[in-house]
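Take this structure, written in structure tokens, and hold onto it; I'll ask about it next.
Each chain carries a letter (A, B, C and D) given by its place in the written order, and its residues are counted from 1.
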Amino acid sequence: MTASGSLLAATILLPLAIAALCLSSRFRARAPSLLVFAPLPALLAALLVPDGTSALFPPPLRLSLMLDRPGAILLGGAALLWSAAGAFAASYMRSDPARAGFAVWWLLTLAGSLGLFIVRDIANFYLLFTLASLAAYGLIVHEQTARAHRAGTVYVVLALLAEAFLLLAFVMLAAGHPDPNPAIRDVVATLPAAPLRDAIVTLLVLGFALKLGLVPLHVWLPLAHPAAPMPASAVLSGVVVKAGAIGLIRFLPFEAGLPFWGTLLIGAGFVTAYYAAIVGVTQTRAKTILAYSTVSQMGLLAVLLGTGLENADPGATSLVAYYAVHHTLVKGALFLAVGVLAATGGQRLRPMLLLTAVLALSLGGMPLTSGALAKLASKPMLGYGLVSHAMALAGAGSTMLMLHFTLIVARDVRDNPASIAPAGQLVPWLAVAAASLILPWSLYPAISGEPLASLIQPDALWKLLWPMLLGTLALLLVRRFERLQGAIPEGDIVVLAEAGTPAIARLAAFVERADAHLRRWPVAGLLLLALAILIGGALMLQA
Amino acid sequence: MNLLLDLALVAWLIVLAIHVARTGDDRNAIIAFIAFGLLLGLAWTRLGAIDVALTEAAIGGGITGLLLLRAEAHLRRGRQAGSAPRKASGATSIVAALASAAIALGLGLAVLAFPSPAPTLAPPALAAIDATGLGNPVTAVLLAYRALDTLLEKVVVLLALLGVWALTPDHLWGGAPALKEANPPQPLLYLARTLPPFGVLIAVYMVWVGADAPGGTFQAGSILAAMWLLVMLAGLRPAPETRSRLLRLLLVGGPALFFAIGFLGFAVAGGFLAYPEPLAKALIVGIEAALTVAIALALGLLVAGPSSKAPAP
Amino acid sequence: MSSAISDTATLFGLCGAALAGIGLFVVIAHPGLLRRLVGFNILGAGIFMVFGAVARRGAAAGLPGDPVPQAMVITGIVVAFSASALAVALLRRLFDLTGRESLEPPAAGETPRAES
Amino acid sequence: MTPLALAPVHVATPGGYLLVLALTLPVIGVLAILAFAPRRARQVALASMAAGLAVAIAILAELLRTGDALTYVVGGWQPPLGIALRADGLSAALIAMTALVISATGLFARGMQDLSPETRDGRAATTFWALLLATWSALNTVFLGEDLFNLYVALELLTFAAVPLVCLDGRAETMAAALRYLMFALLGSLLYLLGVGLIYGAFGTLDIRILSGLGDGGPALSVALALMIAGLLAKAALFPLHLWLPPAHAGAPAAASAVLSALVIKAPVFLILRLVLDVAPPEAAAFAGQLLAVLGASSILFCSVMALRQARLKLMIAYSTVAQIGYLFIVFPLASGPEGTPPWETIAWTGGTLQLVSHALAKAAMFLAAGVVAEAFGHDRIAGLGGFGRALPLSAAAFGLAGLSLMGIPPSGGFIAKCLLLTAAVINGHPWLAATILAGGLLAGGYVFRVINTALASPATPLAVQRPIPRRLEMTALALAVAAVLLGFIPLEPFGLLQIGRSGLATAVAP
């Protein structure tokens, strides 16, 4: 095993090992303070391990890992956020009696979500995907409020549904393959020619779209992300949703392209981006607005993926990763900001609010921020047609939503007593914020192939600014209508789905009555005889 | 002539069975069932199976009948006045009758379709009998060729007994079952005084001849059990406490000896439940004797049911 | 195998089939547990009689019947008796505890005895 | 045509005596318990368990060493006159599983009895040990038997051991449950016995291996198979014949429930498998397989919903058993691989076996954990157990891990099993079965999460433990659950062990 291989393995194994050590009660008390270190192997791997490295572990583990460029970008950004949020959590959860349990769920989610970026074989992809999905449940319901439980229930139902779609898709993918646990890349190469191609792609898209939160499969996200404690919201919204992105990156055949499915993804992405921006702007809780913003941003990610799929452009995956890492860091920083601001008051509030506003507007594409970089980098691929304009309009939507967020946060913290958030929260927040500004700059030339100087040319700036102005105007317009505030419940159409509960209850009650009837002796006895007669009759007719 | 006799027998059996199905009274049904059991014994002789006929008459009709009658009496005593016996609903009865008839029809078809000439194991059973030293092929099947079945079946009986005992209320566990009739009628007392010596004699004889002629451990055991039950019912001897050491040793003794000789086979005859040829008959008769006692006790105790008196201090 | 033996065997085989059918009917349709037990015994008798017919058809080598199924019937009778005994003990205990003689909920008009 | 003309089909192998030991050792323990004083019962039982476990391991080792089935001809009497015992790969796996679950349950029961020393030598405790050992012998006989009548006796032994286990606590409702169980099981046994008689009438032999080489048996064989399969279905409690299972398995003491749900119902399932695979002619097997799959799928869906609706923990687990048994029946159409591939070389065969074994471990773990919970809080109403995870973290963890296996979540034996079955469904083109497998997983997720959610909840007034539970007691359930998870590390392909001893058989399914 090479050093690179060990580092990749440690990405998954170190958090799992720390979680396992939590079985000892003495260790458990100290676990929260270790959260910051758990993602370090991943960070080192993203920095040090060369692209294309792979590592195989013999049976019974059957684990194979591989680091490629999109994986490395996502891994690095995610590890950074996990680490900072871990530090934040240690301080934020200091007086929570259940923090040890929280740490265990945290570590499990961490192992799963980081492992997804580097896993190479199909079975372990599913394993890690499941690990990340199910362990996140523990983070969502941690606060044990009624809200959290409702959110947790909706989350689990849809997460299990996604698991079911994906399991079937993976099984169908691997079914024709000689190796029972093939590499993802190998099976995806055969996908375009597979007889059940469209069924498989449908299932894959459904499964990953559920994770990504594409409308109308997004309902769990605005419920679940705000329900968790602040640092957990940051990683859920920043990293864990990216499981859907890495899934689509890994499992869709970008080499061969699938034009129909590409167009479909583009359409779904735009619908999601606009819909979430519009619903989000009616929300009144800062965390919920951020969650809707995540939905909206994931829509844009889907547009990028769809474009790549339509044009058979494998380069799109790196771009998607770049866009995703921008979102990871910014969204993480924004959630942490909500926590930091809540503990801050008086004079120190103003600079912090300013920084928060900058981070927020980065999502709308404010010049010189990572959002601007991500948008400019994707311009060439999107071309200059309808898609490009639609993308700009989405930027306007994001600006509107994030201005709304800034105003809500400012309102929430207006009356805070003079104080300052503890350093244990402030430093991680600033670190993520700084990273969100620096990291995309350093990656830009490699991703877009253009020099940094191209970023500050006037026409590039104008391309970014007019959607922001449009978004600002839109927000001013929206704020004229007071009634819009809080008009749409959190999770929007989940309410429609929940309206169907009585029907399900009736069905279940029917099953119960049927069971009571079937379990009566004469009925069961007659059924037994009927089965015997049926089998006997059929066999005699056959013979 | 014989065919006519057979037809009449079959007709009676079916009539009695239908009577059991239709009568409204449980006691009536059970008495019909006892008569049915005796006729069944007759039917078995017509089928050339004297061993089965003896077993059926003793266990199938006699002891089962006693068991059911006692249960019926118990329920009747405890039943509230006016709670009429329930009958099945009409629709259920009709569907059940149709389904049962369909099964019977299928069975009938299967019976008619048996191949001819019939496959049989009679020749090989007879051919191998010399190695056992026995003369009765049924005994050879039970204690040599398919001894494993018999061994397991002994365990089944013990287990049923264990299950019955497990139904004892906790404070009565280990005590004695109450079997004595409240006022044993004179004829019962008379029979209980006079029959047992003959019964024991017949049983011993049956075990002995069972090796070569019809008869054997089950038949003998059930006759012994019947005698014992008679004595207990009449109150001449109390039922033993279920925790009694001697009782338990006797119960376990038969199967234990069977196992012991079975394992001995590993050492001296090349395998489990194999008998060394010169000793085969002696060993088998020994096993049968021990089993007879165990069977008799087990059958009697199964009828007696769980203990209803607290164990003596 | 002479035809007389074969006829007897078939006759009793069919009788066994009929008895099994009647037994099944009682077991399934009758609500009373004690009667159901009688039904089980009739079903068992029918089954054993089918074995008996099989044995009789296998009369050969001077034996009146094939000893193997005959031995099985003897084993079967003992097992059936043990089952009846266990069921009777359970039924009596259930009756002592609840006054119930059937497993189905009592029909309207019947009042269950107080639980003791 | 007469089977006697054939050369002996059973040739005793050197390790064959192990089979006799597997069958007899526990029963000898029963006799010893009956003979000795009550306070010796548990020593005898634990000693028998150690011996039985060793024998099971020896059988598995011998099988792997020789790569061939173990055979023993009892008393040297060749079938069809005598009786043979035989352990192929599947039997050996099941025997090992049985030994493991029984031993774990035994340790658990010992710990449970230690909680109330005053009743330790009483009726229920003493009887439990004898019944547990008898169950074990009966199961081993079912897994080893080659003779249909011998299997009948074994099935009855199993019933007589299992029924009193249900009503050991002597409450009225468990009496009713036991009686219902006994009656339906008897009905099943008698139908099976009827089939045995017909098969003997048609073939003059009851040895499965000889039967598998014989031709068509005409209407007698058809009727016999129908009766036997239906009777065994009644004992396996497959929907819609599950009337007896929920009250019986939920009412029994925890250790008994574990054995009943994990092991006892597997015996009839195993026999159905043998009948369909080894005795039925190919077309009959195909039809029966289809029908069984339909019943299995209904069982999965219907009883999973019922499990979801239960208010009591043990009833929920019991309904889950009926649902999980359904998976074993959808194997039949899935195991018919491409032309010429015998069933045991398909992935569905491995998947089905894995489902059987992992369900046994997981379900035993669940019942034991539920038993601890009921003991600690005095009841098992799910609504009243909010936050039990804090009081009993190990039991909650055991329940959760076992739940992973039932839901088919990786890494667990249940996942591999369902993954293999799903793959088989996809390859063989059974979209409905694939959908059923997935839906069953979702519903299982529903009922498992309901309990996990309860365990993790933090109610306003913390749940008070009425009775302290020693850690050791909780560890048993956890160990079984971990074992169920570890099964997830066996390879994703037809498993070699399960093919041992099958290939020599003239099979009914592959022409």
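Remarks
The working rule: a residue touches a chain if its C-beta (ideal position, glycine included) is under 8 Å from a C-beta of that chain, and two chains touch if they have at least 3 such contacts.
Fair warning: this is a prediction, and the values are worked out from it, not measured in the lab.
Of all chains shown, D has the CA centroid lying nearest to the centroid of every protein CA atom. Per-pair tallies of C-beta contacts place B-C first. Chain centres here are Cα averages; for chain A and chain B they lie 71 Å apart. For this pair, chain B with chain C, the centres built from the Cα atoms lie 13 Å apart.
Chain B and chain D have CA centres that are 31 Å apart. Centroids of chain C and chain D (each the mean of its C-alpha atoms) stand 28 Å apart. Looking at chain C, residues 20, 24, 27-29, 31, 50, 53-54, 57-58, 66, 68, 72, 75, 79, 82-83, 86, 90-91, 93, 103 sit in touch with two or more other chains.
Contacts with at least two other chains are made by residues 88, 92, 96, 99-100, 103, 106-107, 109, 111, 114, 118-121, 123, 125, 145-146, 149, 153, 156, 159-160, 163, 167 of chain B. The set of chain D residues that touch two or more partner chains comprises 81, 149, 153, 156, 160, 163-164, 167, 175, 180, 183, 187, 194, 198, 201, 204, 218-219, 222-223, 226-227. Residues 1, 4, 6-26, 28-32, 34-35, 37-39, 41-42, 45, 48-50, 52-68, 70-75, 77-86, 88-93, 95-96, 99, 101-102, 107, 110, 113 of chain C are the ones touching chain B in the complex. Partner chain D is touched in their complex by these residues of chain B: 103, 106-107, 109-111, 113-115, 118-121, 123-125, 128, 144-149, 152-153, 155-156, 158-160, 162-163, 165-170, 173, 243, 248-249, 251-252, 255-256, 259, 262, 265-266, 269-275. Those residues of chain A whose C-beta lies close enough to touch chain D in the complex are 59-62, 98, 123, 126-127, 130, 134, 137-138, 141, 144, 149, 152-153, 156-157, 160-161, 163-164, 167-168, 171-172, 174-176, 180-181, 508, 511-512, 514-515, 518-521, 524-525, 527-529, 531-540, 542-543. Listed in rising order, the residues of chain C touching chain A in the complex are 24, 27-29, 31, 103-104. On the side of chain D, the complex with chain C involves touching residues 81, 149, 152-153, 156, 159-160, 163-164, 167, 172, 175-176, 178-180, 182-183, 186-187, 190, 193-194, 196-198, 200-201, 204.
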